[in-house]
Amino acid sequence: MTLANDERRWADPGLTRVPYWLYRDPEILARERERLFMGRTWNYVALDCELPEPGDYKTSFVGDVPVIVVRGPDGEVRVLENRCAHRGAQVCLKRFGNAKRLTCVYHAWSYDLDGKLVGVAFRNGVRGEGGMPDSFDAAEHGLRRLNAEVYHGLVFASFAADMPAVESYLGPVIAERVKRVFNRPVKVLGQTTQELPNNWKLYVENVKDSYHASILHTFFTTFKINRLSQSGGILVDDSGGNHVSYSKIEVPSDDPDYDVAGLRSDQDGLRLRDTTMLAGRDEWGDGITLQILTVFPNFVIQQIQNSLAVRQVIPRGLDRTDVNWTLFGYADEDEELTRLRVTQSNLVGPAGYISMEDGCVGGFVQRAIGGSEELDSVVMMGGEGAESQSTRATESSIRGFWKAYRATMDL
Amino acid sequence: MDDMLAVARLQLDYAAAVDNDALERWPDFFTADGLYRITNAANEARGLPIGIVHCAGQAMMHDRVLSLREANVYEAQRYRHLLSLPVVTRDGDTLSATTSFHVARIMQDGATLLFATGEYRDVVVRDGEALKFRQRVVVLDSERIDTLLAIPI
Amino acid sequence: MTLANDERRWADPGLTRVPYWLYRDPEILARERERLFMGRTWNYVALDCELPEPGDYKTSFVGDVPVIVVRGPDGEVRVLENRCAHRGAQVCLKRFGNAKRLTCVYHAWSYDLDGKLVGVAFRNGVRGEGGMPDSFDAAEHGLRRLNAEVYHGLVFASFAADMPAVESYLGPVIAERVKRVFNRPVKVLGQTTQELPNNWKLYVENVKDSYHASILHTFFTTFKINRLSQSGGILVDDSGGNHVSYSKIEVPSDDPDYDVAGLRSDQDGLRLRDTTMLAGRDEWGDGITLQILTVFPNFVIQQIQNSLAVRQVIPRGLDRTDVNWTLFGYADEDEELTRLRVTQSNLVGPAGYISMEDGCVGGFVQRAIGGSEELDSVVMMGGEGAESQSTRATESSIRGFWKAYRATMDL
Amino acid sequence: MDDMLAVARLQLDYAAAVDNDALERWPDFFTADGLYRITNAANEARGLPIGIVHCAGQAMMHDRVLSLREANVYEAQRYRHLLSLPVVTRDGDTLSATTSFHVARIMQDGATLLFATGEYRDVVVRDGEALKFRQRVVVLDSERIDTLLAIPI
Amino acid sequence: MTLANDERRWADPGLTRVPYWLYRDPEILARERERLFMGRTWNYVALDCELPEPGDYKTSFVGDVPVIVVRGPDGEVRVLENRCAHRGAQVCLKRFGNAKRLTCVYHAWSYDLDGKLVGVAFRNGVRGEGGMPDSFDAAEHGLRRLNAEVYHGLVFASFAADMPAVESYLGPVIAERVKRVFNRPVKVLGQTTQELPNNWKLYVENVKDSYHASILHTFFTTFKINRLSQSGGILVDDSGGNHVSYSKIEVPSDDPDYDVAGLRSDQDGLRLRDTTMLAGRDEWGDGITLQILTVFPNFVIQQIQNSLAVRQVIPRGLDRTDVNWTLFGYADEDEELTRLRVTQSNLVGPAGYISMEDGCVGGFVQRAIGGSEELDSVVMMGGEGAESQSTRATESSIRGFWKAYRATMDL
Amino acid sequence: MDDMLAVARLQLDYAAAVDNDALERWPDFFTADGLYRITNAANEARGLPIGIVHCAGQAMMHDRVLSLREANVYEAQRYRHLLSLPVVTRDGDTLSATTSFHVARIMQDGATLLFATGEYRDVVVRDGEALKFRQRVVVLDSERIDTLLAIPI
């Protein structure tokens, strides 16, 4: 499986071919950790609202590296690597907590909420024996602190110190769409983790893939919630790594392109008995019923009708990925709207009518490409570039992902 | 004891219907306005309203079965439920029961996984001749779902 | 575990020493996939009778590469790689099915039964936007089609185009023995998969190993179903990779060689209460009560009394192997004979009286050789060659396997 | 209910005998002409007659135990059965029951695996004082067997 | 994950920095097997009392290499590699047994208790056909026999032939402390295996780590069973690899060092309702209530009050370790003392009041260091050397482990 | 049957208390001098007295709960017990029961493991109104414990 260096090539200079070894080579994981997740990227780690009070913390991940997201006494959020500077134990063990200091259970080294080492048990020994030598300088042994920015309620972190602001990382077009959803404080309505039998990149490609939406997810098209012939399109930022796919409802029409395609997904007879789920509200006043947004490398913001969620994609190995779903609403919303979101939650998540398939299709690829590491996937729908397009029948945003990936990974 | 065994029997029949792919019968285990929810223990403990599945009324249950049969794509799989005896309390004609479960999932290729564990929180009433669920809340112990959850628990 | 190149050697120029790293080195898997399973070999993938009608398909494997075996409209069987030419999803998901076209669930690309791409959803975009660029040539994006041959009811496939016919691959001696069993149409009587905790080659060696039969499987000898002193022998083809081991019942005699060996397996007191299982019929008129046949690299045909089976050996990782058992009878046989096969099925499979041990013995080796990657197994019984012999007290056919393996793997 | 609990008790005793390595008692849970079969759901669905084990009559069961004790080689291992309550129907003196199971397998080195799940399809009759299986068909959910199946399910 | 050679460095020339890749690099396992476990070390494999009679054997491990420990007809203990010289099957399958000869189930090759090959089934073939060629020399095909020494009831084995005696390997100081516990014949009181989600070295470091004892294990300090301010210390042999940590009860005092540290572990209000567990006996007449002893690389002898145990640490992969616990007492002890040991067994093992944490803390490290392979743990408590110290507020014995490790591994 | 169902109910309540983290109630399922032991089948078979846990009397049980709550460090986790029906024999006022179990362990991050299988060997007596365990010996099938065993089985 370990590919020698000359086999680990990416022959095609463009973006329309993606070699399959990228999902299978054991060495890719370490390289992605180093250059991508611990490199020059902004990584979503938490919602600001998950940490309401000073001292509130949440344990999270940057790539697969454990971090602590904590609100300091000054109200600012810090992100610290969750690894003790002494002998490497995970410092915070709980998913959520509140602390004035972060104390490692192993030898009780303790850190303030900036990660500064403020306590070393028995530093001076016991009765004058043992303890730390004079050469020990506590200032050199804090928790590694990451660059952090709270952007409209979203906490991003980066191991790189000299990052541009999140807004500029997103680019103006995508930033606008983030702000559309995060236009006021939010609250968490539910959380779940979906464990996928495939490389994390297959999930991210899937999310970026506006082409599959109305084909793989037949619930979508059948009930006219969304179909490619609706007006909509995709937006891609200059880096390629960030994107939005959106659509608006129109009056459904008989669409000749669908008939030509003869898709499995167009079953006219199928109707829901209970349509409360479909009675969406136009909360944003723009008629957009679906907006899927990704931030490079592994963060998703979803609006599907009134179902709002963020998804953090965590690599767990070459062929194992966790998707952490956080469904949310607005802090100030009425109960009826929350009830609507509860009902529409049936659309999304591991059991969602239109997301269930996304859970398995990555595995369908992962297990099929074993004999094809020297071959490529073909990403040509909508051309060869990674630009915004006014159609969703395109793979432009997938090409955008690989554009950003190749640049960041130097591949 | 009679209540316990009667509820146990209802639960057994439900599990058999699900495990033997008789999903069309699944809504009939509920009253017309029955509630079926799947969520996890952490969400419940935090009072969060959204879980994994939320079916209010038989119509939504029928819709889910229809979608599983006609619209959704997922690999052939089956469950095997195993239940504890229910702990039943009676309030007038209404029975409340909590019941532990282990559910194994068996994929088409034979791979077997302890897919879900947790507790049923049931409200059972008499509906004509039969006992039915007025409410069945499935509280999963784990927040983690492998791949997807298609078939009801 | 990864052995540097100079340690991955096979010092002995002959066939009597097999280094243990062959079962443990992570790199061997990829090389076996490339040179062995996707190289110049014929791989069993299905029984012809599993696909009675045009459009019937079965999903199977060549090595661990997923393939589709499908009967075309012309009645001919094709074998296609089960990986979509678009972005790599497994095209057929079910074990058995029937289809006029093969349609990928992901984006509904569809292929005819020759693997030719005949439909690309939204190829022309929607309302004139998106879609495939003109440079896209459907002819270049079919499902990879393998070389296939149906040989006396057995479907073989090869990634190599220029293979000799199966009959010539088998060699005349082995071909004769295949035809002995597949002398007329067969029907499936039962299927099961046995998952083994060892490298696939340990299972194949075991099947080729006529030496162990009467020693490891004491049920065999105790009930006089078979013992090495029965007349019999092994046949090996010129390549070494294909073999037959067979025996005939004779009147049991007191056998001095057994007494000398003092084998655990010779328990005189043990008798069955119910002997219906042993009342075999001489279906082939040649008195042969056992014929085990292998085709290089990983296929087994078994006749044990009247129990007939094919076994496909599928590598699932360095120390994980699937054995797919298909038990069969003849399409035209009487019910009584089928009942006999049902009863004799107790001899074989994961719970079989004389095959149960084969399920665990590979694991006994796999776990014992961890500290011995620089050491060799010793394969000297019956000499140093890989020729046919008129005794089963030999490892000649194992040496034959390694002869073919070294040639194919270039090791 | 009486039938259910009586069959459940028979099944419990059977499971205890198997789990505690009292295999010599195993044939005695059957009538002299009892049938014990292990197969899988896919074979059953396709009507295929061959499964994993086929013992027609106590004599063949005794033979299997004898072979396991004296002839066959396999590592020390044990099972732990867990059963649902049986769903029992009565036809005259004959009880038919379907019962779900999870069977864990514990190897000598402690490795524990959810080895088998499935359904017992039992026919139970009174045989003198005791209830016995006239038929016990074990339908495994999975076609996949890890390593080997020595001990009866 | 595979680190290229230049990254697999150990920059720090001393003992106060340990790079994290040592717990994560897949290649380290094979090198540890070769140089450490199969190299110049003595490895505990059994208690002498587990094999009371000639022919009694136990299957065990040296590193992760399976071995047989067997008492010969002369009463001496031998240690043999548990891998058949023929084709590599594990020869002894049971945990405990008794045999005159060791016979492989696969082809019934049999060995005497020295490992000498004394039987080859069908060596001369059957009826003059098959069998072993004349070139086969049984003397070359025995079970690999290890160097073995029974030292005060403990059986040690080594793949190296020219080892110093165990007493000299231990060094006089540690040897003294081994003999303190193994001062007369012992008997087994219970066995269990604890499976840890971390590299084996994290467990060994933990055992050697006297620093953590009163901090991580708050049961310890709270009930005044042991605290760092008790008199005690650590002893390290010249190699660094062997150590003892011990303490004596003193009258607890208000200890200013504890107050300064403000440790989580000092909860004054907590008192046991049932104190029978604490009513220890001073069996050795020296007031030592705790003595933890390690022998390089992976063996532990434990005396915690009257709870006696040996622990064998078995690597099972990069992040998987088995700890085999054997709790014991003296062969001649009274029942009341055994009852005391039963009661005090609550302190130790996977559910032990003061060992439970040792089961999880290695995992806390293993999972936290994923992004830090180029970083180091900091081992500075008590200075920079690996000498004996009269305090337990030190990491001297951990530095000792790495001293011996670097020397043995040539790193 | 009454004995069986009464014991089953006691066992269910015990399992529910443990599975729902009501450990403070755990000692109350025992008589004041009750014995709670966890050991494994191999140790039992060899007559070895030391297992995994040994609590003689409610006081030691309270101590264990106190230690788990206040002193010990371990990651958040929960169990989900599933039990067979008990096989109960009565000797005067004393009931003896053997009962099989599967226990799943669910970690905070959702990882689910079939953590323990085995057999309860219970001695149950009436203690005022309630049934209580005078003895509960947990015989694990496996000698192998993953990571640690904090919560009682």
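Labels for the chains are A, B, C, D, E and F, by order of writing; each one numbers its residues from 1.
The definition used in the following text is that contacts are C-beta pairs under 8 Å (C-beta built on N, C-alpha and C of every residue); 3 or more make two chains touch, one makes a residue touch a chain.
Keep in mind that what you see is a predicted model, and the values were worked out from it rather than measured.
K.L.:
In terms of touching chains, how many steps apart are subunit D and subunit F, taking the shortest path?
P.N.:
Minimum step count, subunit D to subunit F: 1.
K.L.:
Name the pair in C-D, D-E or B-C that forms the same interface as E-F; by residue number, over half of the contact pairs must coincide.
P.N.:
Answer for E-F: the repeating interface is C-D.
K.L.:
State the chain with the largest centre-to-centre distance from subunit B, centres being mean CA positions.
P.N.:
The most remote chain is E.
K.L.:
Which of the two pairs, D-E or E-F, is linked by more C-beta contacts?
P.N.:
E-F
K.L.:
Suppose a student superposes the Cα atoms of subunit B on subunit F; what rotation angle should they report, nearest 5 degrees?
P.N.:
120
K.L.:
As a quick test, compute the distance in whole Å between the mean CA positions of subunit B and subunit E.
P.N.:
One centre to the other, that is 48 Å.
K.L.:
Could you give the separation in Å between the centres of subunit B and subunit D, each centre being the mean of its C-alpha atoms?
P.N.:
28
K.L.:
Please work out the Cα centroid separation of subunit A and subunit F, and write it as a whole number of Å.
P.N.:
One centre to the other, that is 42 Å.
K.L.:
Please set out, as single numbers or ranges, the residues of subunit B touching at least two other chains.
P.N.:
Those would be 73, 75, 82-83, 102, 109-110, 114, 143-144.
K.L.:
List, in ascending order, every residue of subunit A touching at least 2 other chains.
P.N.:
2, 93, 95, 105, 193, 195, 216, 265, 357, 361
K.L.:
Write out all the pairs of touching chains, ordered by chain label.
P.N.:
So the chains that touch one another pair up as A-B, A-C, A-E, A-F, B-C, B-D, B-F, C-D, C-E, D-E, D-F, E-F.
K.L.:
Under the touch definition given earlier, write down the residues of subunit A that touch subunit C in their complex.
P.N.:
Within the complex, subunit A contacts subunit C at residues 1-3, 18, 20, 205, 211-212, 215-216, 228-229, 255, 257, 260-265, 357, 361, 364-365, 367-373, 377-384, 389-394.
K.L.:
Over in the complex, which subunit E residues touch subunit D? Could you list them?
P.N.:
On the subunit E side, the touching residues are 93-95, 105, 193, 195.
K.L.:
Where on subunit A does subunit E make contact in their complex?
P.N.:
2, 26-27, 29-30, 33, 37-38, 62-66, 81-91, 93, 103, 105-108, 119, 121-122, 124-127, 129-133, 135-136, 141
K.L.:
Can you name the residues of subunit B that touch subunit C in the complex?
P.N.:
73, 75-76, 108-110
K.L.:
Hey, which residues of subunit B end up touching subunit F in the complex?
P.N.:
My answer: residues 1, 4, 41, 82-85, 87, 98, 100-102, 114, 117-119, 141-144.
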